[in-house]
Amino acid sequence: MPDLADTTAEKETGRLEAFSDGVFGVAITLLALEIAVGHGTPDTDLGLQQAIFGLWPKYLAFFASFFQILFMWMAHHTIFSLTRRVNTELMLANGLLLFLVVLVPFPTKTLGEFVLTEARHTATVFYTGYFVLISAAFNLLVFVVAHPAYGLLRPGLPATVPTALKRSQWVGLACNVAIMGLAFVSVWLALGLSTAMWGYWAFLSKAKGPKAA
Amino acid sequence: MPDLADTTAEKETGRLEAFSDGVFGVAITLLALEIAVGHGTPDTDLGLQQAIFGLWPKYLAFFASFFQILFMWMAHHTIFSLTRRVNTELMLANGLLLFLVVLVPFPTKTLGEFVLTEARHTATVFYTGYFVLISAAFNLLVFVVAHPAYGLLRPGLPATVPTALKRSQWVGLACNVAIMGLAFVSVWLALGLSTAMWGYWAFLSKAKGPKAA
Amino acid sequence: MPDLADTTAEKETGRLEAFSDGVFGVAITLLALEIAVGHGTPDTDLGLQQAIFGLWPKYLAFFASFFQILFMWMAHHTIFSLTRRVNTELMLANGLLLFLVVLVPFPTKTLGEFVLTEARHTATVFYTGYFVLISAAFNLLVFVVAHPAYGLLRPGLPATVPTALKRSQWVGLACNVAIMGLAFVSVWLALGLSTAMWGYWAFLSKAKGPKAA
Amino acid sequence: MPDLADTTAEKETGRLEAFSDGVFGVAITLLALEIAVGHGTPDTDLGLQQAIFGLWPKYLAFFASFFQILFMWMAHHTIFSLTRRVNTELMLANGLLLFLVVLVPFPTKTLGEFVLTEARHTATVFYTGYFVLISAAFNLLVFVVAHPAYGLLRPGLPATVPTALKRSQWVGLACNVAIMGLAFVSVWLALGLSTAMWGYWAFLSKAKGPKAA
């Protein structure tokens, strides 16, 4: 039963969501700017074919980051679907998360460029470590959203919802730290687990979303 | 007769559409980044004129891709106008399609750069082959939308709608494969047919849209 | 008195407007990518100051194009505020206009780079000629919107509205052609008039907007 | 108690806000394009590590500008939440502000490139001076919004609201001028104060927002 105050609050949430969606959408697209055949590519069929196929590490890095941003967007969506209104703390926590999201193209192109070189461990630790930071920002966001004193959650949610939300974020952070540790040992194992984990997590949070709402 | 559940579902669909629109819109714009006169252009009227006119293969490639993205956006729009709610499968199928859409600038600039060189067959096969992939992603999207077990279609649609939707996508895929085959033989014929086909298809799906809705 | 059909039609218009807004917004922003001090700038206060001030032709070109896109957005807004529904012809005419809008950064950076060189006449004719093309696309858009057989205009508008709309677009096109002619003679006069005219026209169409609506 | 005219006016405001949000969102994202390891980075763990850590002035400049744009977006949001309708003067004042916002990446990358060189004073004066310009544009926007003859403010607001709005903008402008003066003396003090001030001001205007609304 929405009253007038609720309608205003929902409009507020809607505008922050729209802004966030814009940033997610542009970040996902900017990834694509990195994909191009080099300027020195020879003008022959064979040369161009080799150049197109030779970009496969960049395709992989782009594919991984694209779906990670998509899954993060879905998680962001789930969290905000539980949120009734916005305060300054939430705006700043969300701002910090968006700050990290728009920079995802940076570790992505670093990974794509260096994953086949001697510097592959540094590139992979940097890439997986970057998602540790993002996971931490998601934890902060969920902490602010679920903080009882702020009263940002939609009323009438079961008491288990904020607990489950926070727990799933802690699990995510722990997994990301473990994957980053793995990156010191095996580059490909770490990258595979990284993508798999976000996928798993998106399904999980998606499955929880409707139940909670 | 929308009830409360329908309203929530429509909001959901609306947000995914808005996100997709954002990605389509940015992808269409990023195409334009490739168009510029080279750094070595002489500072004379004649030199600049030659540089501006000399970019015509890039203009053509950009024109073709711009309208193909626009037509894809229209098709995407038609499909979602028949959709009542979103599930995880639809989100992933849509994500895969958007992944391919944001990368359209890559085959486009490859085509624009190499269509006048010895590597023109590779560039054209790559470009037309890329739209085979996109066509396959559209088939997957329509398969998910029309899958009876998911119940994503708007209720009350005639039984012919999902069938027509899927058939038009299969025809599109077949045409794209044929055009890609043609690209091995004639570059210009393949490019002309590619643009013409999407235009035809957009009109067709547009004509079907209102009837279905 | 909106009935159900009108509501659906307005939603349709709304989505096309949102897509167009996105393209206008991104095009306006992409202009800014061109503004940067060169890589060879000396690392001294004097060197950096000279580099920052030396970019003034680019600032001017960016300023002119920014406000021309903004005024075009306002004109686009006025035209769509008179439109009740969308058909395929309108989508294609709008697509052609957006195609030209996203490429505005191209003549803009060409102007900014060459307006102080021997090639300034070519650069200015290209820049002003580009807005002749845009003006022609606006004429096509207004022709489609006001075409009686399509019935796209909102009902109840005075009969003078479509006439006034079309006349103002013809005047705009004539002015742009005259300015392009002038660019063969005087670069600065043409550029000044070009910006002034769009401003004048935006005010005019804005003043007409509310009356019509 | 909204009547029909108010609804139309609010839709108008909403569209301008959406367009502005888009420009803010893209500007914030374009900042990220500057962050990349150089092309000459050696392909070794140590070389890549040094390259990643060596970018810290760019991270700092990006961080500062990201949050300044975010705080400006929040201020813009507060101002428009007090606004009932749009006129041409407001559109132009808003256009001028957006023009400056989309160019924030330019002083940001100049700062990030030169803050560790001999040219650091010029870079910092340019960066802080740029926010003097933005502050001036905000003053103009608030002047237009609060101008009694235009009647743009929402009815029923206490008489103290426009006064407070204008005063807080004058204070902001004065602070920015002082910080720019400081940049001639101490680069780091000026940059620290610049970020701190916008943060403080965002909190202040946020705190005032709900009271006024």
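For clarity, chains are labelled A, B, C and D in written order, and residue numbers in each chain start from 1.
We take it that contacts are C-beta pairs under 8 Å (C-beta built on N, C-alpha and C of every residue); 3 or more make two chains touch, one makes a residue touch a chain.
Fair warning: this is a prediction, and the values are worked out from it, not measured in the lab.
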{"item": "Numbering shared by both copies at the subunit D-subunit C contact, with half separating same from different", "value": "different"}
{"item": "Reference subunit B; chain at largest CA-centroid distance", "value": "D"}
{"item": "Whole-Å separation of chain centres (CA-atom averages), subunit B against subunit D", "value": "36"}
{"item": "Distance from the mean Cα position of subunit C to that of subunit B, given in whole angstrom", "value": "25"}
{"item": "Subunit C: positions in contact with at least two other chains", "value": "18, 22, 26, 33"}
{"item": "Touch list for subunit B against partner subunit C, complex", "value": "17-18, 21-22, 24-26, 28-29, 31-33, 35-37, 42-45, 47-49, 52, 62-63, 66-67, 70, 73-74, 77, 202-203, 206-207, 213"}
{"item": "For the subunit C and subunit B complex, residues of the former touching the latter", "value": "8, 15, 18-19, 22-23, 26-27, 30, 33, 88, 91, 95, 98-99, 102-103, 105-106, 109-110, 113-114, 117-119, 121-123, 126"}
